[in-house]
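In the two complexes that follow, chain A is the common piece, with chain B as its partner first and chain C second.
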Partner chain A sequence: MNKGRFFIFILLMTTVLLATATLGLIVGQYPIQVEDLASVWSTQNSTAKLVILELRLPRIICAIFIGALLAVTGSCMQGIFRNPLVEPSFIGISAGAASAVVLFLVVLKPILIQYIPLNEFVIPCVAFVGSVVTVKIVINLASIQGRISIGALLLSGIAVNAFCGALMGICIYFADDAQLRSITFWNLGSLASISWREVYILTPIFIGGLLYLFLLRFKLDIASLGEDQAISLGVDMQSLTRRVVYSTCLIVGATVAFAGIIGFVGLLVPHITRFLVGANYKFLLIGSALIGSIVLLSSDIAARSFLDGAELPLGAITALLGAPFFIYQISKMRKEII
Partner chain B sequence: MKLILFIFLAVQINTANIVTIGSCITQIVCELGRCNQIVATDKQSQSELEQPVTNIGYWRSINVETILQSDPTLILASESAGPPRSIQVFQSTSNPIVLIKKTENWDDLMSNISLIASKLNNSSRGNHLIETLSERLSKLNYKKYQDLRVLGVYSPMGQRIFANSKSSAASFVIEYIGATNLSEFNSPKIISKEIALELNPDALLMTERTAKWLENNKFESINLLLKKPNFRKIKVSDNALSEICIKTIDSLENLNYE
Partner chain C sequence: MLEVKDLSVSIGNNQILRNVNFGFYQPNVVGILGPNGAGKSTLIKSLCGLPQYHIDGEINILNRPLAEWPLEELAKFRALLPQSYNIPFPFKVKDVVSMGSYPHNKGKQSIIDITNAYQIMEALELLDIREKLYTELSGGQKQRVLIGRVLLQLEYQSAYEKIVLFDEPTSSLDWRYQIQVLSLARSLVLSNCLIFIAIHDVNMALEYCDTLILMKNGELLNSFDTAEDIPISSLEELYEMKLEKILLTEDKVLIQNRAN
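Let's turn to the complex of A and B:
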């Protein structure tokens, strides 16, 4: 894709994103008129102001941030592993974060709360630590003589995902009603608890994470040619893999901490973007960020609008979109092999 | 002038838009004669009302926007209602929210009635209700249950059968009627065949909804117990065991086993 066409693509996607965000401000259980939106700072309707500024706007911003981050990390992971079926959750990042939180809620919190006051930052920190520990284990398992074997990394990811799933299953068995509700949130993802506080915390992660991965774009382009060719062109594949995996871990750990596990965005979006703008990482990363934001924002609007009076879990919506696509990819790969 | 002000206030109170979150709170509001002022309530509480009102979702994951749409003048919420962020939204705004403690015994129930009645500006009716309920409780007699070893059970969707926890309303009821409560669980437990055989209860306490699931004979662990000679099922009405509340007293008055 040339720069002129890419500029048109960016313009088009930005327009779609802004239109979706505006729709997100209007659509919901509480009826908001376009006039309310236009005069939100001066409106006399304090409830409309509350809904727009305190409930929907932070949620929309977080959906944009998280969608972009998940899609960009997915693009990088697929490039580094040269596997179109990889996304951050495949190496246990999301499951590690979620299982750490579930373990904390069911086992540690009831004990700790008797001795020390726990504030609202504890759970995001636990999620983050869980994702880091899980990825460290996966990387150690996949490292053979100091080199990360991609096959071993994916297999380790499957094993760790299964272990985390089992851990959560055991915790669910012992959980009470309130804990079960929290576990559902962590397993299926939701933006219902997002406030401005989460926006402030996610902003530096969003900017820093995207910039850092964008700086790796040239190396990712070379890495996608294959490990041997990348090494012969002077790319330290071990270092690149570590940098991508750990930065993904930091980014996805932070998103899981605030929104729970939201699967398939990191799988679905890079494929759509690659189809639209090609495999050049300069275009792919920017395109993935924009399309990821649109996909997650649209899913969130659907999650909070489909049911009358209640919300669907966001992760369920993204899985509904992503799973058929995943099956399509597998069948496409089968046809290519045959 | 005072009379006009009184009438104005009375009209204001009587046209209140009440949102209740928690079935016990809904029961109390209805007993205090304000059922018709409930404009929205949680999914579980809908069955407490004659006419369905706006559903705000499950009481632990309420939808803020749906509540705001109901234009509430008073929100009565269980302190266990959630998610916490939704409750914080109401606490940080001018929406009048009152958090009500979970009832774990009769004293809690009476103090909640008193609190809700005062928030509805109807303390006299609240005091009358407390007196009536206390009188009804004092007349209860449960000698026939004293030798029974009872386990409280429930099946939320008919898929699995659970034993109630030792801190549940079911455990409270079992102990209140003088029977031996077999639940020593901190949280609800799935009843396997081995657990059923180990606990070996003489009777099961359950709601009518759970009893209907049992009629399908799909729980093998329970089927083992039902085959025992003189085994009993103690049934109470739906929602009587979700929290210790007015319906629990209604059920205790009509308690019988088969």
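Let's turn to the complex of A and C:
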């Protein structure tokens, strides 16, 4: 991919993203006509204005942020583990964050709230701690003599995901009605509870996270060659792995705290993007961010407009898109083995 | 340039190298010969300082212990070609070769970097496939692309003498490319380079290497300075088979299996 073609790609994807965002503003339980969009800003029509400004706009912005973040962290994780089948939710990052949040809400919060005031930053922090703990366990389990085996990594991910699922299952048993709803929400993912508050908290994570990972682009290219060659080219793989894994924990932890577990975006999007712009991380990270936003935004629009008066879980929609792709990848690997 | 004293290397409980000693102080082509499992790759990788090994003894590069060299500094004058050459993502050939300039430009390529990469691709006859995807190449093509990457890494001016570690650089190559690659490797001596080549083809080793190190069961058996020096009995002991040495010309010999 040369710079000119990449520029055209960016223009095209940005146009698609803006068109999808516009679609997101008008479709939903309260339909708004396209021609009314412009007038909404100036009029005092309270319902349409409220729906657009207070419900749909923050939700669209969050879908863009979260889609980009999940896709970019997925690309980076695949690079350091040198495997296109890795994504944050497979190795326990998302489940760890979600179960920590659920445990906190059901067990700790009712006790703590009596003694200390809890603000909106507590949940993302809890999610971060949960994801770091699980990812530490998974990576320790998967390390054989200092090297991470990809098979062991995915298997440890399954084990830790199962354990986190069990923890959430127990919490469901003890939870009251309101807590039950929130547990379902974290398990299946949704952008229904997004407001401007979440946008404000996610903005620095979005900008900081993407910039930080973009700075690692050349190192990630080198990492694709494998540890031996990366070290001979002066890239400290252990330090790079730590940087990518912990920043992914922070980023995915934050997205889980606000939107629950949204799987497969980090798996599907990097693959599509590599097909379109090639494997160079300079192009891959920017491309993944754009395509990730488009995929999550369209999934969210689908989630809230398929059913009348109700919403489908967002995580289920992304899994519906991503799982067939995962199966395709496995069948491709089978062919290569035969 | 490179000195190894009482080197023992183990992975987990498995000891792979035992009490290896050698030192090279001039640009030289060093062939490492030995049967499968002799420890050739482990020796090469431990000279590169890969973290999965437990190393006892000393490895000194330019009179400084290997562990004390910062990775980024080492990468400017020491390169490694590993045995496996799988890259899971669809990089273009020219992108993979260009990665060799990373230690010198940290990824920001200038015109000089690109020219250097093209010159190396030309020397390795890779120009025709430069736009192809690495994942779609044959084994031999992949190996030559990675050799290009290594050659580019050493193409730059360095304050120090250079060291390059080739782990079976010709394993997937046809005869013509074996000669091409080994000749290119040899020519690195002219740019002040100490070259290690782990190799299986004894005759190629005799032709292209100045010094031969014989390894077996993790130990260094012998080392010989010229091809004529090497007694047939050492090679017979090394490979556990009957061999004979045929003198082709005054300075060229051929080793072959002695029938019956």
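Of note:
Keep this in mind: the second predicted complex is superposed on the first by the 302 of 338 C-alpha atoms of A that agree within 3 Å, B and C clash if a C-alpha of one lies under 4 Å from a C-alpha of the other, contacts with A are read in each partner's own complex, and residues count from 1 in each chain.
The definition used in the following text is that a residue touches a chain if its C-beta (ideal position, glycine included) is under 8 Å from a C-beta of that chain, and two chains touch if they have at least 3 such contacts.
Quick caveat: nothing in here was measured; it's all calculated off a predicted structure.
Residue contacts after overlaying the shared chain place A:R147 against chain C, while chain B stays out of touching range. In the superposed model, A:L55 lies in contact with chain B only, and not with chain C.
Judged by the touch definition given at the top, the superposed model places A:G278 against chain C, while chain B stays out of reach.
When the two structures are aligned on the shared chain, A:D221 is found in touch with chain C, with no touch to chain B. Once the two complexes are overlaid on the shared chain, A:D308 sits against chain B while remaining clear of chain C.
When both complexes are overlaid on chain A, the residue A:G234 reaches chain C alone and has no touch with chain B. Within the complex formed with chain A, the chain C residues making contact are 11-12, 45, 48-52, 71-76, 78-80, 82, 84, 86-92, 95-96, 99-100, 102-103, 106-107, 146, 149, 153, 165.
Residue ranges of chain A in contact with chain C, taken from their complex: 78-79, 82-84, 145-147, 217-219, 221-222, 224-229, 231-236, 238, 274-275, 278-280.
On the side of chain B, the complex with chain A involves touching residues 43, 54-58, 60-61, 63-66, 68-69, 71, 80, 82-86, 88-89, 93-94, 165, 186-188, 190. The touching residues of chain A, counted against chain B in their complex, run 28-31, 46-47, 50-51, 54-55, 173-179, 181, 185, 192-195, 304, 308-311.
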